[in-house]
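Each structure below is given as structure tokens.
In the two complexes that follow, subunit A is the common piece, with subunit B as its partner first and subunit C second.
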Partner chain A sequence: MDIIESKTWVEWVITIAKFGFCFVPVLYILLLIPMERRGAGFMQDRQGPNRSYIKVPFFGKVRLFGYVQNMCDGTKLFFKEMFAPKGSKKFLYYVAPAIPFAIVFLSPCVIPWFGPMVFEWGDKVVRIAGPILDSEVGILLLFGFSSLSAYGAVLAGLSSRSKYSYLGSLRTTAMTISYEVCQGLSMMGLLVLAGSFSLTDIVSWQEHHVWGIVAQPVAFFCFLIATIAETGRAPFDVAEGEPELVAGYHTEYGAMQFGLFYMGEYSHICISSLLVATLFLGGYSVPFVTTETIQTHMGGSLAILCWVLAFFALAFLHMIYRYSRKLRASAQANKMEILQEYKLYKGVAWIATLVLIGAGVASWLYYNPEYSMVNGVVVNSLGAALGTALIHLLVLLVKSVFFCWVWIWVRWTLPRFRYDHIMHLGWKIILNIAILNLVVTAVVAKLMGGN
Partner chain B sequence: MARVIRQRPMNWVERLYIFEAIRGLWTTLKHAARGLFRYEELPTISYPEGQPEVRRTYRAKHRLMLRADGTPRCVACGMCAAACPAHCIYIEATASDDPRIEKKVKRFDIDHLTCVFCGLCVEACPVDALRMDTKEIIFEHRTRDEFVANLQTLTSWNPKDYPDDAQSQVAPGGTKNAEARKVWGMEVKN
Partner chain C sequence: MLALIYFIILAVVAVGAALCVFLSKHPLYGGLSLVLTMLSLAGIYGLLGSPFIGVVQIMVYAGAIMMLLVFVISVLNAAKDNKTPMFDGVSLFVIIGVLALAGLVGFALVLSPMGFDASTLRGSVEMTSSNLFNTAQDGPGYFVLFEVLGLLLLSSMGAAVLMAKKRLGSEIVEDNSDNKEEK
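Let's turn to the complex of A and B:
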């Protein structure tokens, strides 16, 4: 009872609502799969998957820019038969794909999604931390979770009784372990500067000094490469190298078991990109603007946010109109169908534009909540605190989506490294650079009189 | 003659890999940006609805040229069948009704499942009866027999599809048909 009464009900509601952030990686999967497939298409001058459609009464065949194709593929995976090869260890075989996917729900708990919410409730000042679990050792916890996902690959390889899977899982293990060392060491320089293992502290340090990418550019590159290697994607995807290992550790898996591995890989990308954004790109902090400025000019900040979104909607409309014009002039047989479909997108985008501009103007003119300063921290109403949290969350998502794009971009550009090259790069190059960077950072930090 | 291509040794910037990797990333970024922001400029054609542009000189499905009276120009000499490397042309000759012409074709089959579209039959034809300029590049049928083009399908083309070709306009329905009939020595009906 004491625990319940120690917080007001609003605090409890928000604290519980924060658990919703556990599902962010799942949403990212929904975003990343089309992004990867169409992005790969565009890089190779293809159009990417865009044929499947849903029939909608007035608009005809609505394809949602190829998104329907992914829904179809997911449905197919769901309804395929699950089977285990003869002689496989059934329990481990079925548990293995669930491990990387289950980690997904644990990992987001330490990432600060927004700056600490401070607001007045009744006569109390309520403070709510950004992450679900505001741990002192947040980043270590995150590394622990992300290492656990290697168990999925290991168990899959061991239990499926296939030489390809076995070799694939051996490679995964070796690579994950060696690159985790690089990852941890390259990040240490930043921890020395921030003086804390807590991700919230690291972000607030970046907010008040400089972004990690400016303070530690070398560490940023080492960390990025090590993280890409740890997710096991190209150019580091020797673990599932098609030319020699069929599909690596998930050779024997089909249906949704394969789907879980697939989604586990994407959610690993999501967590890694969130981590990179948090550590090196200032996390939730808005560039060039402090949180205090946002909170003291809440209406204006929300207005700018709305207008930026309206600008994107207008740019989208511009592209749609230009493409429709070109299509109408072409001899394509189904152009009237496509133009009918585009009416839907045009309508939605126009409505979004008008609503966003209107909302921007309204918040600019009429939304100026009162605030007070307590110990240098802005304290205002619940609404303004939620608005700040929303802006922070969007900024963090934009940054991490950019890094997700980097993952896809690198995958479709660089050829696969040979296995010994990967080990050479990890142990002899990145590790040494990371150690050197750590030493230099520590010495400079000491001389400059930091912590 | 064997030709030795000497590869330039990589300099130290290239051997560092990272800068070359960034250069490669820039290339793919340009392509991705084009796909995203200028989707209409992608070279890909969404195939069954949008058709590729085929030139007249492209070796497509065959056709048999027609005389002014509508009979095939083919004199059943068998040169095309002899020239065919895939042996896909089968010709049966018969006596012609016209006293000026010795033979005419009774049966002219081209098996498009066997045809390699080399165009040697067109080159071999002494009377310019066989051409491959129909621009038809889609061959889709239910049975194997339907892939064999016979005399009827080979001669059923429309002179309006070949407006620039004077030889095609000689055929019935063409602009030069009446003139050609006069030269050929036939009564012009209607």
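Let's turn to the complex of A and C:
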């Protein structure tokens, strides 16, 4: 039992609470599906699905900007019948959709969600690392998991005994392997600069030097393209290209089995965007401000965070008021209903704004925790450490949501590549650029006297 | 204690999956059990204090090589769905060979018991790189072997491409001429 006694109870609570981050990709699915569908509508100058509603006593039909549609789709998928086509390999057929979805819970383990928390507890200085698993091979582990998740698509295609699925899975195999090479080589330059495989070290290098996108712009674009290809979405979705292969490897799947593939794809986007944000956009680090500054001015930082959130709430209010004005002037038949619905959003947003501004002022005036410096690291109380972690987490989430939007943006903007074009792009263009970038980076780093 | 429990779980999975490779009737299931063996071996490497080698095992063997193997099995076999017999004339020699090898390895392991301690690092990133690329005059000189291996792999890849090209060459020429006629 000396394992339990090796840490104080606060350490144990935070260490176990960190496992909650495993569910972040699943929460991202809830965000991404409406974002994708309404985003597609935005790109194509239409509304997108926003008609489903929940009836609420005073406010009438509340549609939550299309989120209700999401719940309806989920419910439909849950209650459909699961079946396997005749002649399929039953075991593999049922296991295949679970593989990418299971990998999703493992991948967030190595992403640093916040900077190392250092605080005083009793008379001990406690240090808690950002990722769930602070491993020195962090990023390699992530790549290993992502290569394993391709087995889901491959086995689905092989086991469902349909020629379309089979072709789809063959294409997935080829594409995964070729783009994994590009992905790995294009980020190697950054690893050479940071001198570590650990994502925590990479982020802290970016915090103290420059962001990866500035140091390695070529690598950033190679990595982004390879990662989009790795998630298997348009313009790289030859594995499930509708015009040729019906739906590719998941042609034979219905109900929640299809749903698992669907959710696996969206969580893969989440993981990939978190990875891009961590590698090239400084991860959890706040732009132009070091972690030390945040920790020494805790109250002010929290106040600024609250005010930024309040600004977002005000922007939302502005949007709602503009919509209402337009709606009142229009001759739409159901405009009274929609205006009634908007009253709910207005109320919630006003309350949120006032609370956030109040909280900001309060933390500015009354929250100035003490801190001390130990070996150049700021050590402060538990509350201040948690506040820093919260700011870091929110910054990382904002960056990754931006990249999620890039994924949707690319999908609905570019036409699909042909299969041989994808192979050409991967092996003859991106791979060569990535290798060249690596060689140049290594030479420059050696000349500049790095590691 | 905890490491021992993990080791027993991983070892049972590894040996069981390896047996499945041997006993499974369809080569696809054999390949998948081999993936499972690779994964649990990676776990054992991690327990032995060399996470780098474990992760490389996952990335290279389970992720890339076994993926290609499954690809090949599916291209060659999935359409026919054939069942290979478990034993034939050759497997007699194979079984004897495997048993002899297992005996030898077991004997060697019993003679030199490895201290099972996850806290000692045996193959961290730093240790591996500083050992492998130690270019000092009196160093172990592994980096020469590393470069030679790279050359060997490159030449084998070149040979494979050449062989594939020779077989496909005539068809490609025909395809080109067809395209020209259409244009």
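By definition in this document, the second predicted complex is superposed on the first by the 451 of 451 C-alpha atoms of A that agree within 3 Å, B and C clash if a C-alpha of one lies under 4 Å from a C-alpha of the other, contacts with A are read in each partner's own complex, and residues count from 1 in each chain.
Basically, contacts are C-beta pairs under 8 Å (C-beta built on N, C-alpha and C of every residue); 3 or more make two chains touch, one makes a residue touch a chain.
Fair warning: this is a prediction, and the values are worked out from it, not measured in the lab.
Contacts of A:G144 after superposition on the shared chain: subunit C is touched, whereas subunit B is not.
In the overlay built on the shared chain, the residue A:E180 is in contact with subunit C alone; subunit B does not reach it.
Within the superposed three-chain model, A:S6 lies out of touch with both subunit B and subunit C [touch as defined at top].
Of the two partner chains placed by superposition, only subunit C is touched by A:L170; subunit B is not. In the superposition on chain A, contact is made by A:K326 with subunit B only, not with subunit C. Once the two complexes are laid over each other on the shared chain, residue contacts for A:G39 go to subunit B alone; subunit C is not touched. Residues of subunit A that lie in the contact sets of both subunit B and subunit C are absent, per the superposition on chain A.
Residues 18, 21, 24-25, 27-29, 31-32, 34-37, 39-40, 42-44, 46, 48-51 of subunit B touch subunit A in their complex. Within the complex formed with subunit B, the residues of subunit A that make contact are 38-39, 41-48, 50, 221, 319, 322-323, 326-327, 330-335, 409-410, 412-414. Only residues 2, 28, 32, 35, 51-52, 55-56, 58-59, 62-64, 67-68, 70-71, 74-75, 78, 124-126 of subunit C touch subunit A when the two sit together in their complex. Residue ranges on subunit A touching subunit C, taken from their complex, read 3, 89, 92, 135-137, 140-141, 143-145, 147-148, 150-151, 154-155, 158, 166, 169-170, 173-174, 176-177, 180, 196-197.
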